[in-house]
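Worksheet: the structure to be examined is printed underneath.
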Amino acid sequence: GGSTEVGPRAPVPPVSAVGLAPDEPLRVVATTSIVADVVRNVGGDAIALTQLMPLGADPHAFESTPQDAGVISDAHVVFINGVGLEVFMDRLLASAGGNTPVVTVSDGIRLLAFAGEHADDEALADEDHGEDDPHVWFDPNNVKVWVANIESALSELDPDRATTYRENAQAYLAELDALDGWIREAVTVIPEDRRGLVIDHSVFTYFAHAYGFEQVGTITTGGSTLSQPSAREMAALQEAIVDHGVRAIFVSTTVNPRMAEQLARDTGIQVVPIYTGSLSDASGPAGTYLAFMRYDVGRIVEALR
Amino acid sequence: MAPLLEILVAPLRYPFMVRGIVAAILVGIVCALVGTYMVLRGMAFLGDALAHSILPGIAVGYIVSGGGRGPIFWWGLGTGILTALGIGALGKGAQVKEDTAIGIIFSGMFALGIALISTMRSYAVDLSHFLFGDVLGVSPSDLWLTAGLAVLVSVIVFVFYKEFLVLAFDSTLAETLRFPSGFLHYLLMVLIALTIVVALQTVGIALMVAMLTTPAATAYLLTKRMAPMMGIAALIGAVSGIVGLYLSYYVSVASGAAIVLVCTGIFLLALLFSPRRGIVRGWLQSRG
Amino acid sequence: MLGKLGVFEPVVHATGAAILDVYELTVGYNGTTALDRVTFHLNVGERVAVVGPNGAGKSTLFKVIAGVLEPTSGDVRVAGCSPRGHICIAYVPQRNDVDWMFPVTVEDVVMMGRFGRLGLFRRPGRQDRAVVRECLGIVGLAELAKRQISELSGGQQQRMFIARALAQESTLMLMDEPLTGLDMPAQERILALLDVLRMQGVTVMVATHDLNQAADYFDRVMLLNHRLLGIGTSAEVFTTAHLRDAYGGQLRLVETGDGLLALNDTCCGHG
Amino acid sequence: MAPLLEILVAPLRYPFMVRGIVAAILVGIVCALVGTYMVLRGMAFLGDALAHSILPGIAVGYIVSGGGRGPIFWWGLGTGILTALGIGALGKGAQVKEDTAIGIIFSGMFALGIALISTMRSYAVDLSHFLFGDVLGVSPSDLWLTAGLAVLVSVIVFVFYKEFLVLAFDSTLAETLRFPSGFLHYLLMVLIALTIVVALQTVGIALMVAMLTTPAATAYLLTKRMAPMMGIAALIGAVSGIVGLYLSYYVSVASGAAIVLVCTGIFLLALLFSPRRGIVRGWLQSRG
Amino acid sequence: MLGKLGVFEPVVHATGAAILDVYELTVGYNGTTALDRVTFHLNVGERVAVVGPNGAGKSTLFKVIAGVLEPTSGDVRVAGCSPRGHICIAYVPQRNDVDWMFPVTVEDVVMMGRFGRLGLFRRPGRQDRAVVRECLGIVGLAELAKRQISELSGGQQQRMFIARALAQESTLMLMDEPLTGLDMPAQERILALLDVLRMQGVTVMVATHDLNQAADYFDRVMLLNHRLLGIGTSAEVFTTAHLRDAYGGQLRLVETGDGLLALNDTCCGHG
């Protein structure tokens, strides 16, 4: 597969510079640990970053406390993934956010419909965001859009440190390019006929699209961890696993692996746990976004080669 | 400023805290009023059931409207009222007990909702939100809606106090007094549905069930008359809302959970120390 | 507002008409026939005792007249209208299936009898409270007015429901075995009350199993066993043939000056 | 092969279908047996309540065990039994009605669970699974657990049939016959808790509530005696499981939802056409 | 298995002892005293009527003896043991708070009376079914045996509970106003049954409001009004002074050959 073309630059919401004291950092909030990690890389020491969702949280379900709301209320800017991932936060942001600008880091990414179907232009034109897959970070090229969005937002809020942000962003973009290259290299060992991916819920849409895989099927249909398959879909998935010679079922660490385990047992393949919606803690194997991608791709390669 | 005052005032800096407290008080009062009837008629679970039952309505509303919050609310409300009327009809026909009627319709509707969602193949129907609610995410317009509801429910409960009392206590008497039993029965069901759907918007299922049941049950331990029971229940509901939110602010517990826990705590105190039916009193009596 | 919709509309009596007309009334519970073509009339102010063996259909008759049960066929008119339209019927059921733990006091329950006369929006006033106090006094519960209802003895509970029926101040009182569980002074007091009610033009129907009470305290008696076996003075109705029809051959009968009397005890043997 | 046979056999090619059907039948039978008592005693909601109440147990189990599935199950079971006993004690003390007791403890425990999780700040405890369950994900060892439970519950229900009958119908008689009422009451609560926690593992809350309530209520419409009621309920539970899964296979509806919908459908048929209390019969009778 | 744990263990009677000893029994409901230091003894095979005004404490006494209510103080011994240990007490409560829609037939309810005699594991056998049929015959419900219990009239329900108590074949029967709502032939039949029970050595305590019945059909009468006013033959107990104490001055008294009799009707006036 070729490189994903980056869509038009995101129209960052009109933010204006906030007056900061010389050594006062910009107060920044990010929702998931993955968004937070990218923001940290762009902002560096110049910002005071708060990550809203704890490590290991399923971003599809989360409840906030008054502290969370207070943090948002006191912040200069909030970065969210968007694309319907943090549905729970709409009202919290509307309520506590008040004047706090909210930046959707995924703005400008070319979105794909979930469940493995490649987005065609029709789907893009369709304003129905419920059909878009929110798991954009499985393609580092999408994260490059994040970086651009984050950098421009931070710079406009805090023009004095714009240079720092630009330098940090440049450095990190380079690392993302390196990651993209590394992934392309790593997956070459997987033969063409083994590039079928099965996963608990539809997180591999962008990964498959970028690196020449096919998301053969998911256990829960739709993009949510919160639904249940029918017997027909399970049967179809089992057939697909056999037909495509799928070697493994990947399961998020935050999701119950029961169905996957049974299906794997019946078809004689293995279950491989990976990280999807959240990083591990710093000492774990997926403490940063870069490590997270390397870890997951490592597991994929290991399982499918 | 005195430290205590400081403690009380500090959270009020945030407008969302103020809105949350107002919402919790309003919901606490309305739920207590409506919940009194539910507790007395053995329908404590109607809240939980209705909240789950509106799922298919929400799913259909989502499909039809393409995801707008407004239409989904009205679809939910419509389904809630229809379900409440269905439960009312099934329970009134005396074919099955009221709680069984609730159970059947609840699980049937919920299953229908899940089936619909599973064919929709879309996840945007925000289930977890309905489960946990989010009293801190209450918008000013939600607040107006809740306040409007609170006034409506209070007025109806006040106007029909006599009639609802007789209906709940002795339906044969209601018949012989020629009260329009059917109308009143369904009016109460609609009131309950209205309360639940609006409360759901602001506070979520778990919190709502607690607000419907626990204050009314606590008040039941403390008085032997209906009107004071409603008053005490409303007071407990409101106090739990305030204390719970402060607790949530200072201890950092999820706000809905904090309110429920305060509520449950008050119930336990009443259970132990009620002058009328308290355990401690019974225990003291049996010893001397 | 609801009055306009006809929901709470009071019914105006057709004057001069008999207070109760029952015509060819038949009631069946799936399979069994409880009442079989029962026809009779009551006049304003009459006191009628309804007697008959267990399962005769007495309670069924009362429920239909009270409007809480739909007849299978036949016609019931209270003051010329259908019973469903009436708010001037007071009904004491044989068994009160209420939740005894309900948070109401004795006083509250009796006050409910007044609710039919208050419209929507009206709260009970001073006069209503006076009536309630008086009714509680009549049944001898004045001292227990503030008790929660579960704290009453069986007879006290029964008295409370009689007081509630009295508080309704209705023109037709249906009492299904109201003296059940009452001690003798209380029974006397309720029976004495019948005279007062008659003077007020209240029509009273009472179901009872005590044929002597029926003969002594009521203007007419009605003997029922699914079919109406007779209605009239006790001398007309309590004939050997009728009583045999109703109870089978097991009743001890005693000849008195007024006619036949059936006895379930031997008290007269002592006299 | 005949087409009908082909239709019946085709899904059985998949081992998960066979396991799912066996699990649905077992759960259907056990829930029907236990559910009969729940429906008759007006505790239709105990299932939903207990299922939610074990949340704090699961949270603590998660913290203590560091996420192992086995220990979490036992923590859940322990919490379930404790909660059931607590509800039993509160309802038996006659301080409040049984359904109110259930409501209070349910919301209190659920709130405690949410509070615990929100301080843990980890959602690794998988809520959605408990909500929807997955009868298609049943493992052979789950199946053995369920079968063992089915045997245990059936034996206890059979052995204590007389005692449970009297206890449910007339607790004063149970006292005068000197049955160990307390022991039996708590035994029943423990049975219910056991059923619920195990069924939860296999089928999820929504399905379980339906299986507890709907078949028993349907059977109630069809018979006037207790033993046949249990038998018919068990039959309906088992049939719903089978038909529902075939439906899920051929029509592609979420499996749990399909089972519940079949179950609800049977209830509606009984409601319309029951020879004893059916609506159609009542209607025919009232017309002539 | 449970028998070993002492849960289902039957109690062996201390022979020769009085069947019931009540000593200084006091029962208070929060605040009010229902029974005040009541002491009496019953011998095997006696038939005792308990009379007293509403709220006298009759039902409270029965509940304590049946073991369903804990006394505040004092002692109750049935055949020398505490009532909680006994399975040979049959108790017909004044009000049966059962769910009438429960899926049981009349037969099933009467069969429940037999469950006390069956151990764990045992199912009712042929003999049990015969006893149930017989008891249904005695109360005249044989034809309604297969009915669901909500399909009974009030009197028929009461008969069913009496049949259940009979089916227990116990040595001490406590019946709290059992004749409530029964028609006269049925009352006669139950009262006639008392003789049969006496021959079988069954001790019977019956609460009633009918002083004449109490005097005529029972060996001894007990007059209760919170305190025990008297226990003995009706001539000893039903004295003007005692009855005044119990009922106040409102009771009409008639002198008979046997002593004083209290009347609640005028039947003797006719004779």
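For clarity, chains are labelled A, B, C, D and E in written order, and residue numbers in each chain start from 1.
Keep in mind that, in the parts below, contacts are C-beta pairs under 8 Å (C-beta built on N, C-alpha and C of every residue); 3 or more make two chains touch, one makes a residue touch a chain.
Please read all numbers here as calculations on a predicted model, not as lab measurements.
Hopping across touching chains, the smallest step count from chain A to chain B is 1. Farthest from chain E in terms of Cα centroid separation is A.
Top-ranked chain pair, ordered by C-beta pairs in contact, is B-D. Each chain gets a centre from the mean of its Cα atoms; the one farthest from the centre of chain C is A.
Centre-to-centre separation of chain C and chain D, using mean CA positions: 47 Å. Chain D and chain E have Cα centroids lying 41 Å from one another.
Residue positions of chain E touching 2 or more other chains: 97. Residue positions of chain D touching 2 or more other chains: 97, 114, 118, 127-128, 131-132, 220, 252-254, 256-258. Multi-chain contact residues of chain A, defined as those touching 2 or more other chains: 61-63, 65, 226-230. Residues 2, 7-8, 66-68, 84-87, 89-91, 93, 96-99, 102-105, 108-109, 112, 115-116, 118, 120-121, 123, 148, 164, 168 of chain C are the ones touching chain B in the complex. Within the complex, the chain D residues that touch chain E are 40, 159-160, 162-163, 165-166, 168-170, 172-173, 175-180, 183, 220, 223-226, 229.
Listed in rising order, the residues of chain E touching chain C in the complex are 29, 32, 52-56, 58-59, 94-95, 97, 100, 140, 151-156, 159, 176-177, 180-189, 209-213, 216, 247-248, 250-252, 254, 256-258, 261-268, 270-271. Chain A contributes residues 60-67, 69-70, 73, 84, 87-88, 90-92, 94-96, 98, 115, 127-131, 221-224, 226-230 to its touches with chain B in the complex. Here chain B touches chain A in the complex through residues 11, 14-17, 19-20, 62, 66-67, 114, 117-118, 120-124, 126-129, 132, 134, 136-139, 245, 248-249, 252-256, going by the rule given at the top.
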